[in-house]
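One chain, chain A, links the two complexes that follow: it is found with chain B in the first and with chain C in the second.
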Partner chain A sequence: MKLSIIILSSDSVEMEKEIAQKTGSALGYDLLDRRLLSVVESRYEIPLDKLEWALEELASSRRQSVDLQRQALAYIQATTLEELLKDNLVCHGLGAHLYVLGVSHALRVRILAAPEELMEDMSTKKARDRVDRRRKLRQNWSLALYGLDETDPSQYDLVISLSQIDTEEAVKIITQTAGYRRFAPMTYSINCLRDAELASRVRARLWEQFPNVKVRAKGGTVVVETKGALRNKMKTAATIKEVVQPMEGVDYVEVHVMNKLFKKALPLSR
Partner chain B sequence: MAIITISRGSYSKGKEVAEKVAKCLGYECVSREVLLDASDRFNIPEVRLVRAIHDAPTILERFGRKKQAFLAYIRYSLARRVQQDNVVYHGLAGHLLLSGIPHLLKVRIIASLEDRVKSEMQREGVSEHEARTLIIRDDQERRKWTQALSGLDPWDSALYDLVIHIRELTVDDAVNFICEAAQLAPFETTPEAKQKMDDLVAACELKAALVNEYPDVGVICKYGTVLIYTKSGERVQHKVRDRARKLAQKIDGIHHIEVHAGVTPPPSAV
Partner chain C sequence: MSERLAVLLIDDEPIVGKRLGPSLTKIGCDVEAFEDPKKALERIDEKSFDVVVTDIRMGEIDGMQVLDHVRARSPRTKVIMITGYAMVELAREAMEKGAFDFVAKPFRAKDLREVIARAAEALGASVALDNAGISRGDEH
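Coming up: the complex of A and B.
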């Protein structure tokens, strides 16, 4: 089964959608987009508007808002990664460019809309200010929630500006690149994606009871790190194992309970 | 028939990409030749021009005449070099020094810091720490230089038509992209594009001739009509006009000169 993945991100929602649709058509790939949020809504019982808000806005500094946003994004991430394992897909609008990392068969492309597309009919200064504000907002959003700057070109394999190159040509570049051998799925890269999906699924499952949990997975072994009092370490570990062990794809669970005051730095992924 | 500029950090394989693109398209590949031309034409030691274009200006230098003059000379030499099209330029700020040219394909090549460090260690025989320090410092100087020159961040991908990350994509992949993009319609030399190129050369030549005496002038040339902007008053305006008229007799493509005093040069002025 082929598992080619193309992940698109853009500074223009309309342009991103257009390029995704045309790329999907050209390659015969399905689209994975915000229609997936209805699956997330029914599975995790979070209202659709909250899921869309989580993908667009940055929560206020109120603790409750921040936690809710992170929770929503954890559910979106888990559901998206599950879908990405299934088939050839063009994915956009779900923030996948920020959490599908280290998967060599995922082609990550950023599209920059032509300035006149972004500025619409407004006066130049007003339009430019609006574009800058939106860009800053997205930068802050991605940094706050994923620790990555989504406007940084080094996050992508390719960045295409549509100021001179038109959409048809951009689609051609993307489809051509997707056909390169380096973006063909390999056992290792498929396993990387499976590990990421498993870790996300476990994290989503644990969120209600352990919202600050960090999870790694490799080949069925799941390592969970959570904060908590050391005196409850055994109980916490037992609770987590009870929840995680029966999950599909989990062979072994290891739990680390970190004291709240004395955090150890471990290179865990989200 | 495009003009291609390739921007890159040190050891990002940008030079290799540029040379292969030039070979693939049958174009001239230019970098240091621009500095040699400027050095020869304006009788400035090459090492001083290299410093002008490599080191970010200090606070004093930003207002200094020398750096401005050297930049004007380099810009003129670059414009002359690429005037006949079919050139690949890899060097600092080509996309900025040649801005406004419609058939200019602007490419940025990026590579991960770790890969660049390894390349530098291999090539220069230095330790990892030294290589990393040198590369980071070099990046910072280039960034500051570009920001001082244009107020723009060279890492902003909106400045380029294509940004290619050498990681999953190889040098040869990048070369393929660039060669194909160079043959797209927006990068063909139309009569209008040729006129704009000729206008830029004329404006750069005039600026280079005036910059020593009148460092604050900005020059625009459109279809042979030259507009010179200076912040100075009317007395200087007459001097500038007289000087410019004498110089224009030796410059091809200039039919008419106007001088606007007490006006800040627009961003598009040379």
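Coming up: the complex of A and C.
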């Protein structure tokens, strides 16, 4: 079975890219990176600079900015997951370490940069300060948008510090670890990834009309939760089902409309 | 290895053997089903199976112990783990110990037939997936 996945995250964009490229080369895996954003741009008609911004910055508190950011990330996630189902891949730069969760054949790797190596024309202290600032920004970004701290080492299967290990050795460690049977694809993990992809794709499809939906998928059954007024629940459910039912991979759709006042799920019959 | 794939099913839920057994026989497997893992292990000591499909949570002897036993006794046998308590850690542990595949319940009999077909291919054999036909109420 193909579909081995290595997902890299680092506090250094340069190191992350270098190690991703070298790992892909060493294993003969394709690279999945920000070049994918051009696909997202044409598919969902969101400008490339907005997509880049969504992956890097934290939106201001203005509602419009926050919604646009979440929308962009939803589209990026759906497109990335679709690609991850295709082949052996090394993935970086798309936030995948934050939403490819519970997929046992996805090896999630964190690379800790050595500040001194990155900043040749500044003092070590300045270099460290810069890395620490970026780390803090990324921590805030990931917590705000995914509820996870991407700088927390416990989020990863493998953490490598480049202070003590050079990039060539890091690549060797990653390729060796990726070969462990525990990271081999299996029916369970492939189905987990398929379910995540389907849920993301449905959420992306619904976003324009229903930006606050939560979507879960399992084996072709899709459950959509959305907020709405009680008096419109039948119409809301019908609208959602009309959109989702014809989508590829969907066998059955269930819609729950949450009443705004009582915040209680009101399941609808078939 | 005999022409028909020799498959051993172990699950303490009787319905699993009752449904999966005929489903696998249709595609050319010789199936023996056990609800008691102890008896299953004794049978494994008597005969070398091509494929063992085992549940994980079964009381006194769990599927991981079955996996260890089969791997020690017959390394060529492909062991497929099935469980209603699938988690990343358990899946990874099973694969590390040499499981051929790990399948979460509920699954369709069709899905397991496809896994068995891949196991057969890995053994240099084949099964007749086309014979399976379509059946309702196929989920386990």
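Just so it is clear, the second predicted complex is superposed on the first by the 253 of 270 C-alpha atoms of A that agree within 3 Å, B and C clash if a C-alpha of one lies under 4 Å from a C-alpha of the other, contacts with A are read in each partner's own complex, and residues count from 1 in each chain.
Everything below uses one rule, namely that a contact is a pair of C-beta atoms (placed from the backbone, for glycine too) under 8 Å apart; a residue touches a chain by one contact, two chains touch by 3 or more.
Bear in mind the structure is a predicted one, so any value in this text is a computation, not a measurement.
K.L.:
Classify the contacts of A:Leu55 with the two partner chains as first (chain B alone), second (chain C alone), both, or neither.
P.N.:
In the superposition, A:Leu55 contacts neither chain B nor chain C.
K.L.:
Taking the superposition on A as described, I'd like to know which of chain B and chain C A:Leu112 touches: first, second, both or neither.
P.N.:
The first partner, chain B, only.
K.L.:
Determine, under the contact definition given at the top, whether A:Ser163 touches first (chain B), second (chain C), both, or neither.
P.N.:
first
K.L.:
Could you say whether A:Met258 touches chain B, chain C, both of them, or neither, answering first, second, both or neither?
P.N.:
A:Met258 sits against neither chain B nor chain C.
K.L.:
Which partner does A:Leu85 reach: the first (chain B), the second (chain C), both, or neither?
P.N.:
neither
K.L.:
State whether A:Met186 touches chain B only (first), chain C only (second), both chains, or neither.
P.N.:
The answer is second: A:Met186 touches chain C but not chain B.
K.L.:
Counting only touches as set out at the top, which of chain B and chain C does A:Ala127 meet: first, second, both, neither?
P.N.:
In the superposition, A:Ala127 touches no partner, neither chain B nor chain C.
K.L.:
Using the touch criterion from the header, give the chain among chain B and chain C with more contacted residues in chain A.
P.N.:
Counting contacted residues of chain A, the larger count belongs to B.
K.L.:
So, A:Gly102: does it touch chain B (first), chain C (second), both, or neither?
P.N.:
second
K.L.:
Which chain A residues lie in the overlap of the chain B contact set and the chain C contact set?
P.N.:
Dual-contact residues (chain A): 104, 180, 182-183.
K.L.:
Within their complex, state which residues of chain A touch chain C.
P.N.:
102-104, 180-184, 186-189, 191, 219
K.L.:
Using the touch definition up top, name the residues of chain B that touch chain A in the complex.
P.N.:
102, 105, 108, 110, 112, 155, 157-158, 160-165, 167-170, 173, 177, 180-181, 184, 186-187
K.L.:
Write out the stretch or stretches of chain A touching chain B in their complex.
P.N.:
104, 107, 110, 112, 151-154, 156-161, 163-166, 169, 173, 176-177, 180, 182-183
K.L.:
Flag every residue of chain C that touches chain A in the complex, lowest number first.
P.N.:
Those in contact with chain A are residues 86, 88, 91-93, 95-96, 98-99, 101-104, 106-107, 111, 115.
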